[in-house]
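Data first, discussion second: the structure below is written as structure tokens.
Per-chain residue numbering starts at 1, and chain names A, B, C, D and E are given in the order in which the chains are listed.
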Amino acid sequence: MSKCRIPLGPFHPLLEEAEFFNIKVEGEKVVDIEMETGWMHRGHEKISETKTFTQSIFLVERICGICSTSHPFACVNAIEDIDNIEIPERAKYIRVLIGELERIHSHLLWVCLAGHFIGYDTLWMWAWKYREPILQLSEMITGNRNHYAMMRVGGVGRDFDNSLIPKIIPVLDMIEKKMVMLAGAANDDPVLRSRLKGVGVLTKEDAINYCANGPTARASGVDIDVRRDDPTAYEVVDVKVIVTPNGDVYDKLVVRVLEIIESCHIIKQCLKAFEKVQGPIINKVKEISPGEGIGRYEAPRGEVFHYIRSDGSNRPLRHKVRAPSFSNIPTYKASCVGIPLADALITLASVDPCYCCTERSIKAFDINGKKIEHNLLHLSRKKTERLQRELIPKEKSLIDGIFDLSLSR
Amino acid sequence: MKEKEQIFFEKFKDKFTKIIKKKKRNYFNVKNKDLIEIADYLFNTMKCRLSICTATEVYDGLEVLYHFTDDTTGTYYNPRVKTSLKNPEINSITPIIEGANWIEREMYDLFGIKFKGHQDLKKLLTINSPEFSEDDHPMRFKRNQKVKVKSQK
Amino acid sequence: MRKLLIDITKLVRDKEALEKIDCEYLYHEGTNPGIFSLVEIAEFGVFCRQCKEAFCVDACPKEALERTETHLVKRYNMRCVGCKSCILACPFGTIFPEVINYITAKCDYCLNQLNENPEYIPLCVKTADNDSVKIIDIKEENPDENLYFVGDYMVVRTPSWREKVEKK
Amino acid sequence: MFLKYLFYLLIFPGFLFASVFGMIVGWVDRKVSARVQFRVGPPFFQNFYDIFKLWGKEVILVKNSPYFIFLIAPIIAFASVLITSTLVGTAFFFNLSIGGDLIFIIYLMMIYSVALILGASSTGNIYSSIGAGREMKLLLSDELAFILVILVPIIQAGYKIDLTQILIYQQANGMIIGSASGIIAFIVGIICLQAKMAMQPFDIAHAETEIIDGVLIEYSGTLLAFWKLSHFIMYVFLPMLLVILFWGGISFASVGSIIAGVLKYLLIVVLMILIKNTNPRIRIDTAISFFWKYASPLALVAVILAIFGV
Amino acid sequence: MAFYNKIIKKSIWVFHVSASPCNNCDIEILDLITPGYDIERFGIKLVGSVRHADVLLVTGIVSHKIAPRIKQLYEQAPKPVFVVGIGTCTVGGATFKQSYNKAGASLDKIIPVNAFIPGCPPKPEAMIDGIVKLLGTLK
């Protein structure tokens, strides 16, 4: 029986872990997945060594545009960890506010793309419609739609304007209402449920073994959340961690939707605090002493990890970045094998590896990795022949007729 | 919670050198031969999660820092293993932790550290790249390229 | 006691001498090796008049310069933006434009290596032309030979106003 | 006589009318979809621009593929769609038909699908071949249901396989949709149309996010224009076919009846667009089991009911 | 030809090529087709296959690995095809200027580019403006 490899990608933007999947299928069933990475490799860690600490914050912001405040957040955490720098309370609230706004828009983006992936363009468009106000809020608060440029070592770069509070609350209420609606719709819609429930299950053991984190792990019942476990600004707010037991795509959807609602609650706590907590937003940092620091932050997709080693100058000597997807992507191996191709794609997407542009360039390889553009036609015919045999042995004659035609061109 | 940490440091007292303790962060040097045992203890007994490993090139060699995090307390345990510049080799921890697969491949790619016992050690990021051959490791410093070292007067 | 000697007169004579000197810590390839930070510390140590109301401190827009208790002026590299206003403001012209950069380097006098191996010779010493940087054994300051201590590990050879002050 | 048929084929219910009207309905589709998605949607002439533009673009042939099939497939498909639309159109507007035209229509529809499969598998692209495989599975699953659906009016009209005969029967005895078997068949029919038109939830062979437009991936320029045009024409005659079969067609007796006829047609179109916009794409195995387990048996029930004249 | 140009201006099918970007430009491109900006109003549509494309929207610094693929894509696209570089990345590399995995100083060293839309990321309005300006150059 001929197996066939479907190349997926490589036009897929995922920071250092941009991927190119070689999906080995038998018919429609996935038997193996292999990933080739490095298409988007830009060498951040090396570039960072040529930049000052302040500049690296903006560099890591550009690791990825979706959670573009998570990386700076973790980066400043790491720098502050070297010298145990404390930040003012108001700055903490501002950091939390930005982080949670980002989480909302990122999770909504996931809902959009998941919708797009299962061919539900209406869901895509609707979720995007609700995402747009969040971006506008971000623009109001930080001045930018995506790359916020708010984080600084020792605080934040821009104060929050208290007069914006009445504008933010209605948007949050709207989002919350819509999310409740979406959760209900996902629960009721039989077609949607059949596409998501029980699909691409990642067991708890696998999640732990593969060191998964973030919503991917939480959907599998692993109770971790950096915001609660190792808070650096989040100690000022209450964070409820959402954990679901099943690990399928449906649970991943549920976790994300509930997290959006939780984020709305956290933002409301911040807004309440802003009226009371005034004062400086940044501590002056004069020097970073030699040493090493670890910073992490719960990005929408999981734990962002930054390790910074300083030699006392104003540049990092080593700057290690680990995006959550780096740990989450290898879980594909556990969750995608043995399920139909159409499901594999949504499972791949369910980890949320910034999956907006997978469907790109085409190149085929055979099982030995040789290019097979030449006999691909032959292969595909063979496959179709096999399919017809499997599918309807009785009506074989009709189909055979058709294929004789195609072979004798 | 504190006890777990103490038991750990008691148990491996004579295997650690140069322990740096900070708030929620522990760094300690270990020997290459003890690495697997310590990783096994951290991962399976203390139920730590392997966040990532950081390879760094320092003046006299390469070092790899393993970042294990205990999610119940938010504490980091960072064993540091040193290896030589010429022939960097470290024991692989993939037999214990499946998730280390890509991490070690990445370090092999960028720094050229060979992991003994890794099933499938090939490049991760610059694989099949037209620019980088198999022995190009872009994160390594090109030492003393422009400098001609003169004899000491 | 072994100390690192910097001969500023010799360094200044040859314009490119500074650029040629390499540093053990090549973390930041090519740019700004540790010798710059050595020269900076040296010049704040021996050239700077340590004014009571320092113009340079007042001129700095980012409050990166500060006077420490020992009257030395110190530049904090996280705050400096390399605008070089301080160079213009100093009435004595004691700050070299070359060494006040936005991106700074750090020298630890190769203490790491020296601790392990006292015979160790740092790379800056190896690469410096005509003995402008070397390691010497020295007990105390020697104003007659223009040798002054700066900090614990460094000795600078240069004519300095400190000579006259001390002679008085 | 010959000229008249040529006129039918090329101008009125055929090529010119079907293309223009199809593009307009295609615009309605895009516009309604956009409105459902809170968007404004494209301008009225958008599909015309698209087709004209495609006409002028370069056609890229795939290396090492059988050019002949690649080139001829869209033309065969277009021709078969065109003839179908002429057949349906003449019946719809002029109450004219050749004997046994329903059989023709079923065959021509199948030829369209087969041409699609052939064209797709001739490109040598792996996504195309997956798309072709899916198209074939889909064809095999929805075809039975579709034929059963068509059987219902045939049986009700007294085993007549002409569209005109069915219309005449309906004029005499009321619409077929009024009967129990009629309504069941009509519902299954709409679902079959959805599959035939490759609209969600059955756009499995085109699945943009899985296999990049699947079957049409390698087509460009004029050839792609042919495919698009065929698709637009299907917008015209498939709903018309349903109107004829179940809903008594259109009568030009009065303005009111004309409007009623147009409304019937539009209702089906809008229904299809709404189904498209409120459903995700389903998996091919779900689709197969849906058609074989639910749709076909349901249609069969309708046929049995029709035989007993319910 | 003039007539044809008029038509092509009204019907632009774009294919989105992401060549090692930070994703943000890509997301903002998706923004364009969603309710907020809805460029289907102007007949601009995102397509999945490069064979159907009239405009290639390229984002990102082009890494060594992806550069040959980009060239291939450009060749595969049916002419006439326009290339628009979105974001500062394509212009000169932005913060990634020093990257060791960057092929060519800017996108036009790799494939011919008709327009650049700088910004990091460019606002959706800027992208619409850029595309409209590009179309304005067609006579």
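Quick notes
By definition in this document, a contact is a pair of C-beta atoms (placed from the backbone, for glycine too) under 8 Å apart; a residue touches a chain by one contact, two chains touch by 3 or more.
Owing to the predicted nature of the structure, the values given are computational and were not obtained by experimental measurement.
Chains that touch both subunit A and subunit E are the following: B, D. The chains in contact with subunit B as well as with subunit E are A. Between A-D and B-C, more C-beta contact pairs join the chains of A-D. In this assembly, the chain whose C-alpha centre lies farthest from subunit C is D. Placing every chain at the mean of its C-alpha atoms, the farthest one from subunit B is found to be D. Centroids built from CA atoms put subunit B at 26 Å from subunit A. A straight line joining the Cα centres of subunit B and subunit D is 62 Å long.
Here the spacing of subunit D and subunit E, counted between their Cα centres, is 35 Å. For the pair subunit C and subunit D, the distance between mean C-alpha positions equals 83 Å.
The set of subunit C residues touching two or more other chains comprises 25, 27.
Among the residues of subunit E, those touching two or more other chains are numbered 34-35, 48, 63, 65, 100-101. Among the residues of subunit D, those touching two or more other chains are numbered 37-39, 208-209, 212, 217.
Remark: the chains found to touch one another pair up as A-B, A-C, A-D, A-E, B-C, B-E, D-E.
Per the touch definition, subunit B reaches subunit E in the complex via residues 126, 128-132, 138.
Of all the residues in subunit E, the ones that touch subunit D in their complex are 4, 7-8, 10-11, 13, 34-35, 38, 40-41, 43, 47-49, 51-52, 54, 76, 78-80. Here subunit E touches subunit A in the complex through residues 16-28, 30-31, 34-36, 48, 50, 59-61, 63, 65-66, 69, 72-73, 94-96, 98-102, 120-121, 123, going by the rule given at the top.
The touching residues of subunit A, when paired with subunit C in their complex, are 49-50, 52-54, 153, 284-288, 290, 311-315, 317-318. Touching subunit A in their complex are the following residues of subunit D: 33, 36-39, 63-66, 68-69, 114, 117-118, 121-130, 132-133, 136-137, 140, 200-201, 203-204, 207-210, 212, 217, 277-286.
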